[in-house]
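Each of the next two complexes has chain A plus one other chain: chain B in the first, chain C in the second.
Then we have the complex of A and B:
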């Protein structure tokens, strides 16, 4: 009995020690928890592609340009609010370690919140400037009203240099040139100090007198009115006058110093999708399954080429992960390797689909990322669907992008082609 | 045994000077405790009610910030003011609270939002409510009436908030042109300094049709803030009255 109590006590002490250590030595979160987002948000809403980062290292004040495209799924899940109301092109970085110099979506200024079209493709460009040295995961990101942030692919970018050298020079419409890094701060602090000083005068006047017990006793004895003296009233009158005069004078002086001011501006607009020719390929899903032991999504599809040129399937992309058919597509060497499935995409038959031909295709998208990126958690989503983009290429390299959406069923028995 | 019992039952003070010294120490301890208590409580109330309007430059608009902030923020000072006045005849509760709030806000902005989240201080400065508190406290003392203090001081609370905070925000409302979009410097700060959780569309600024009644909604917002501050003051003076009625029996025992 005594021994078991001692064991319990030791265990409790160890648990407490671990808890304290965990509190005092927290692990640093480098990325943005993109893997924690619901699979349906990542698989079936916005598909990011052609993402590029101009560099993986910039200096303080140097520009980093993020460009690419995104496709708003036409089969947007009903349970998720859609971007047809309002979205905002944002950047997934750990706070203002970069500043955003400019951004645009299909040529429209990115300061605006935007209504986008389901099924549309959009080209974006974000210009950032290095501000604080460090190594950061940089994502393009769309904030969707009532749905939240939907992250694009992330790249590690290092900012080097002296943070004190960061500047942000702006010229106002009245011709004044100023550094936004520190502009106006002295005015703000100055006025705060004025009001703090007045408060201290008033509080100091009262705190120098006995406060609680004698006054409470006097009030209880019905002598509360005698506690307020003529001097107190004089002081109150002076303080009220000082408060009002200071406020009015400050207001008037400010109006003289800032003759041109405007209200805060809110920008909202509709952005039409890119005027792209319709895809020359159509895909009809027959069955789509997820083989749990093999960590593989298996597609049985009917693919029809309506174009005049033969095409080959080069890539399947979903949830920022790219499954490449190695005999057709290669990724940019600077593309983040953790977003490329090492086993690529197995395609059968792996041959061109002739013009006007309709064939049955079998695909295997095998990767541990289905598990490590927590995408298989879609099995616990209310709608178990998988979405993504298939990319076909004709002999001239012209790309045809086909949106894909299908229900998906988990299987626990089965085999892969390579195992046959 | 008998000696120790006598020592315990003997009065703690014998002379008025000693008694007053104990009272002053008690005052000091209570004042320090109240300062930190009010810092925490009033700051939490502010974050939960006013929140983003107080956090960011590009939320400090001419309608919601000016009308909502004073109306929401007069609640707690009204209740505490009633307690201080009715039980101690002390007319500095509103100033004490607003002073505590400013201290807590700057602590939060400097250590948290600037130190940990890297936002520049000129983007995240807090508004000041100290002049509002001074106006309310002094009108209470001069009028010697909770009702008149509410009507005059409550209205001044709403109006002075605008007058005192205009010098802080006005420099950030200078116009700039960012690739064809007219923006104020405050808007530009919001665009430059990236907030992943606060997209542009989430801002509640200048929404509504108050402009129908005039060129500038500021004056209507300020008048509305003044009148609503009176109403909220009255309600929360009632809360203070309930507190005094129900809770002050313990103070008599001290």
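Then we have the complex of A and C:
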């Protein structure tokens, strides 16, 4: 019987050890996970454009400014909660490697969450400061309530310097100058140690007794009432008293040391969209297909120019991927090359659309990124649609942005005009 | 405190064993995640291979006559018409000449495309493949910088998708059988130790 009990305990300990190891040794996670998001979340919700990063290398404490615009799709998918309730402008980086100094959307302070309008365009600015040295992928990002984080384009930025030199000074409403890097750190550690000590006493008291399996066996044998002794009850009373006293003392000491406090603030800002003139061009999709082996989205569109000036199609952008008509548009040389389709945008007819003219256009948007970023995993998505922005330019360079949304059908057969 | 008797421990032992097996399975099976859950990295993607520091080649195969919605990587279910697509990601690859060769194990060459540039970054190859093992080789660039990227293919491997679920099912069955054997053995031992039953009505009047 003694041998059997020992075997049982050993087996239980091994199981516990393996469970602990499995918990403590997680697999490595790579980057931000945007490729795991459904295609409709990336293709048909928020379109980011004009994104710039002030530098690709900053020192610790040096500022990095991310600016750009985003368009909230008017044809926002019904199954995805929209940003008209609560949205927060954030930045997507792997952990607290930067600190955010300020942010704004259409000139409104971005410190709080905001409500945005479907179909609206917004200009944003995020100021970060380098904190931990390393090379990071920096994205602007919108956190939409119940929909999750929707990432903008990412650029690799290197932070160099000594992490110990990082500081974060602020002035409080009462005029105190504080360095948030170290402020209150000793107090936090001290109180944590007090609670850890209390917890260890409580754990130690019970661990010295027989543990799970013998107690389970006693309950099974109808002896459960005898498991808690008078001494256990006394120890529990002492621990309860110690816990309450510690909490009360901690509260009192903190209040005396910091008499002026304000509660955590909650606020929702309504940010009006940019006052942009309506697009002078309209687009009606006739057919849109995705040629799977060619990695090409083929558009058959009817395009009408309602403006007074001729316009040319310069760019199609969706899910942070840009397809440029090389004869009209060029990207900033510092723009991340992995977000530019190498084959660009094939446009037929590739000529200006005259004022009041309506023509049929055929476009090819070819890129391996359709596949490698899983943007065309249409059959596993509840919304087999593609969205994006078409950008037209008049002879003076004035841009007209047209939102586009259409169903899309994957196909394995088709002819491409452009060369693979 | 009541001591744990040997019967209780014996009854609990299979549960402990099952917990250990589940813990090991959890620890091992959770190591690898095959989804495209990352940013620019591709270490998670079994259908992609690096070609240089910042470039990679992604491979996928399709058999639209068999299943229009499925994309395959190393195991292709049936022989017959197959579309092989290689995605070249990275400007170094779209600017370099790429030669494609697909050979059956044993050396028979099935596809050979001489080196040329693919500005769009997409190489689309259509071919008929019989059952068997193949290797697809891409030679990218010119001397002195040449990358060789190699993908293994197995055609006619319709049973591959069954391996993982059947393995899990087999483990569950083995655990269940072991548990039942323990219970049966315990029951037999207890029956042997118990006093024989006497029937009150068997006494003659």
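By definition in this document, the second predicted complex is superposed on the first by the 318 of 420 C-alpha atoms of A that agree within 3 Å, B and C clash if a C-alpha of one lies under 4 Å from a C-alpha of the other, contacts with A are read in each partner's own complex, and residues count from 1 in each chain.
One rule holds for everything that comes next: a residue touches a chain if its C-beta (ideal position, glycine included) is under 8 Å from a C-beta of that chain, and two chains touch if they have at least 3 such contacts.
Keep in mind it's a predicted model, so treat the numbers as computed, not measured.
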{"item": "Which of chain B and chain C A:251 touches, first, second, both or neither", "value": "first"}
{"item": "Comparison of chain B and chain C by chain A residues contacted", "value": "B"}
{"item": "Partner chain(s) touched by A:182 [first = chain B, second = chain C, both, neither]", "value": "first"}
{"item": "Touched partner set for A:292, first chain B, second chain C, both or neither", "value": "second"}
{"item": "Which superposed partner A:86 touches (first chain B, second chain C, both, neither)", "value": "first"}
{"item": "Which of chain B and chain C A:371 touches, first, second, both or neither", "value": "second"}
{"item": "Partner chain in contact with A:172 - chain B first, chain C second, else both or neither", "value": "first"}
{"item": "Partner chain in contact with A:206 - chain B first, chain C second, else both or neither", "value": "first"}
{"item": "Partner chain in contact with A:342 - chain B first, chain C second, else both or neither", "value": "second"}
{"item": "Which superposed partner A:227 touches (first chain B, second chain C, both, neither)", "value": "both"}
{"item": "Overlap of the chain B and chain C footprints on chain A, listed as residue numbers", "value": "32, 210, 213-214, 216, 218, 220, 227"}
{"item": "Chain C - residues contacting chain A, complex", "value": "1-6, 8-10, 12-13, 16-17, 19-20, 23-24, 26-27, 30-33, 35-44, 48, 58, 60, 62, 64, 68-69, 83, 85, 87-91, 94, 118-124, 126"}
{"item": "Footprint of chain C on chain A - complex, ascending", "value": "1, 4-5, 7-8, 11-12, 14-15, 18-19, 21-22, 25-27, 29-36, 137, 154, 210, 213-214, 216-218, 220-221, 223, 226-227, 292-296, 337-338, 341-343, 366-369, 371-374, 379, 410, 412, 418-420"}
{"item": "Footprint of chain A on chain B - complex, ascending", "value": "20, 23-24, 26-27, 30-31, 58-62, 86-92, 95-96, 98-99, 102, 106, 117-122, 125, 128, 130-131, 133-135, 137-139, 141-142, 144, 156, 160, 163-164, 166-168, 170-189, 191-197, 199-203, 205-206, 251-252, 254"}
{"item": "Residue ranges of chain A touching chain B (in the complex, touch as defined)", "value": "32, 86-88, 90-93, 95-102, 104, 109, 111-113, 131-132, 141, 143, 145, 149, 168, 170-174, 176, 178, 180-185, 187-189, 191-192, 195-196, 198-200, 202-203, 206-207, 210-216, 218-220, 224-225, 227-228, 232-233, 236-237, 239-240, 243-244, 246-248, 250-251, 253-255, 257-258, 260-268"}
